[in-house]
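Two complexes are shown next, each including subunit A; its partner changes from subunit B in the first to subunit C in the second.
Let's turn to the complex of A and B:
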């Protein structure tokens, strides 16, 4: 159970370095984001959307990009056959912490790209409170990463990895997505940021609860 | 041999279902007044007790009689015809409305004799209020089964005994059954009461999320072949789902406005939780049905566990027989 910082950061650095060398996940994710946003743009075809629908689209793209990218962390270890080595080298908590850090970094970059592309391509999409908007996107990303990291660890042990991931993630992520959409609406259309306080509290407590539970349960998932 | 408690269970659920369905709904003068106040001329069932066995025939062929409603409020009642056996009758169940100008309860039809035992009339629901005896216990069982499933999941993670995993899976299976029943009964009811099969009311969202979680749980189980691994991972998943789901089941339906009782725009926390929100007779039947459902759940679990043990023993015997031959 012991959480050691050194192996966790080593694992994080190893993941970042190997990702930067191969750029497999990054390229795939970037292409996924470009494709899904262009599908949105084709369907919109120059019409001005209501902000509610644009926010819905934004969260759909964010959710499914995360679904296509987040599962790689553990599946890759399983495919390369490095799981056993990791089990020997570090405690489960350190492994989880390292993977969680990597997923957090990945999803923050991913969400930043998605939102910037959305802002560039949807000209009429005006945000009344940019600070709150970016905070919600950041917290939403953290929430998605915290819940999907342990689910990625679960599905790495199962047979049908790709399709199983969104199926298992969606019900767990629903409270987060609903609170996130509601807070984003406040940020885009609202006049005061106080209206988003309950949603922000919910986002933060969701992240805390899920990460704590994951730390407690990761032992059982990780050890064969 | 049939055990006695199984017969008791059948009788228990049968009697309380029958009581729930057959008991007439009867309102009083206050219910009539609510509709008369806004000029609504709809007919509602009203229980009338005859105060004075003296019928006065009026010009239009109707009969006037003094009586009181089930709560003891006095009024003059207008009956459409002279009922047979009037002198001996205690009272009647009428389909009536309130005539504000003449201060009379005008009955369009005599539905039956005075009901000694009846449920109150709930504006906007009427007979449809009776769904509470079936739909609410089913919805509760959905959550209770989920809790039981997670409980045995935790027990498996602690003791590593595959029987606990089987119990966890069977509890989830029964939970899925109750979940589907609750969704279907609620949806059909919503079509008749709220006009659409599905409204995305917070409670409808919560049962939908439970359906998704049960679905995901069984998808996960079917994707793993090794027994121990399947038991471990599905237990972890059910715990993970259980820490995020209370938000949907217990919190969201109460903080958001919705169609179900107990929503944020409702007068109280709903008929089940708040005191005095529900008629005593209805409350007794609801809790009896819930108790019946819990015992039924336990019985179904024990049947499935027996099948599980017999199958395991059969497999062990087969292996032993195969080894004996070789």
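Let's turn to the complex of A and C:
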């Protein structure tokens, strides 16, 4: 498991440049975010929601937005036929690291857009602990990116990629989503950080465990 | 010694055995040919040697100047040309080469990249994506990809497919030029490629018809 920083960074930069040029994933994700928030707004129809319901909707939109585009990182390589080319260029762990970095960037930007749109459009969605709130969103994004990167690598070779991705992702992401929702409630309605510490510990542990396991498993996933 | 030793390679896909107990040695200074009928497993064998596919059974040892190369380091020493290799079509030729340099941890030198493109008769002044290239130009780009890092092991699967006569001559010239200091393996059914080989292995066990010179 030889991780080289340069190859990972080169792959990350290539993916960013490729995405800025084709805008395939960005457009798909942004469209999903706009449509899903619009549907939420139409269904609410001007009523003021309880914060618990708004938080639940926020995480639903974050989860399904990730499902609509996060698999592209590996699926695109498979569809373009460049997987073999990558296999000849760098070690598996460097490939995983590069793809993980790209997904991290994507999910952090995506979640920031979702949260800002929620804050702008949801009436009376006030946050009592903004620092904690953004930390939870950041950790939630890191958790989603770390899990979806390895799942994307697994499903990239399958025939039913679109269906398989959310089906496999949901049980793996469930502990993260539960801890994330609980910590977000504390950030929105709570008065101190202390109540969120167990959830934050769970979020950090989840990220560490998933990334470590992914690095160990990726060699086997990457080769036919 | 620089070379590879293929030992008892067997490859099964589900219940179908594609390769069975393949054994051979290829060394620096000689061009080694892999031949066999269509669908006999030539490309599968090249992919196994290149490390793209893990074999069901058997092992491959890479040696460079007498030292074994561990499997996780082999990609640094291998150059592969094959019809199944796709480059990044949304990027220009130079952008592709810049990416290949940086992901291999090499310093990018535009002049050197332009020289490589010129050596393969590829345009050096085009900034449009390589998606617009013809199939022959794409094959030359695959050679640029394979030769960029000056590999000790060069594996060429159907190297002259899609190339015109000039392109074929160019590739044959490169193989002759590089063979003295590299271990080159060519998988082919083309007579003109096959005559470059000093030794060969027939995947399906048959004596290749390629040994008989075409009538014209």
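A few notes on this one:
Note that in this section the second predicted complex is superposed on the first by the 224 of 224 C-alpha atoms of A that agree within 3 Å, B and C clash if a C-alpha of one lies under 4 Å from a C-alpha of the other, contacts with A are read in each partner's own complex, and residues count from 1 in each chain.
Everything that follows uses one rule, which is that a residue touches a chain if its C-beta (ideal position, glycine included) is under 8 Å from a C-beta of that chain, and two chains touch if they have at least 3 such contacts.
It should be emphasised that the depicted structure is a prediction, and the values quoted were computed from it without experimental measurement.
Once the two complexes are overlaid on the shared chain, A:20 sits clear of subunit B and of subunit C alike. In the superposed pair of complexes, A:150 makes contact with subunit B only, with no contact to subunit C. When the two complexes are overlaid on their common chain A, residue A:206 makes contact with subunit B while staying clear of subunit C. In the superposition on chain A, A:159 contacts subunit B only, with no contact to subunit C. With both structures placed on the common chain, the touch criterion links A:221 to subunit B but leaves subunit C unconnected. Once the two complexes are overlaid on the shared chain, A:167 sits against subunit B while remaining clear of subunit C. In the overlay built on the shared chain, the residue A:45 is in contact with neither subunit B nor subunit C. Shared interface residues of subunit A, touching subunit B in one complex and subunit C in the other, are 224. Every residue of subunit B that touches subunit A in the complex is listed here, in rising order: 157, 209, 212-213, 215-216, 219-220, 223-225, 229, 232-233, 235-237, 239-241, 243-245, 247-248, 252. Looking at the complex, you find that subunit A touches subunit B at residues 147, 150-151, 154-155, 157-160, 164, 167-168, 170-172, 174-175, 202, 206, 209-210, 213-214, 217, 220-221, 224. The touching residues of subunit C, when paired with subunit A in their complex, are 47, 50-54, 72-73, 75, 78, 80, 82, 84-91, 95, 99-100, 102-105, 145. On the side of subunit A, the complex with subunit C involves touching residues 2, 4, 6-7, 9-11, 13-14, 17-18, 21-22, 80-82, 84-85, 87-91, 94, 223-224.
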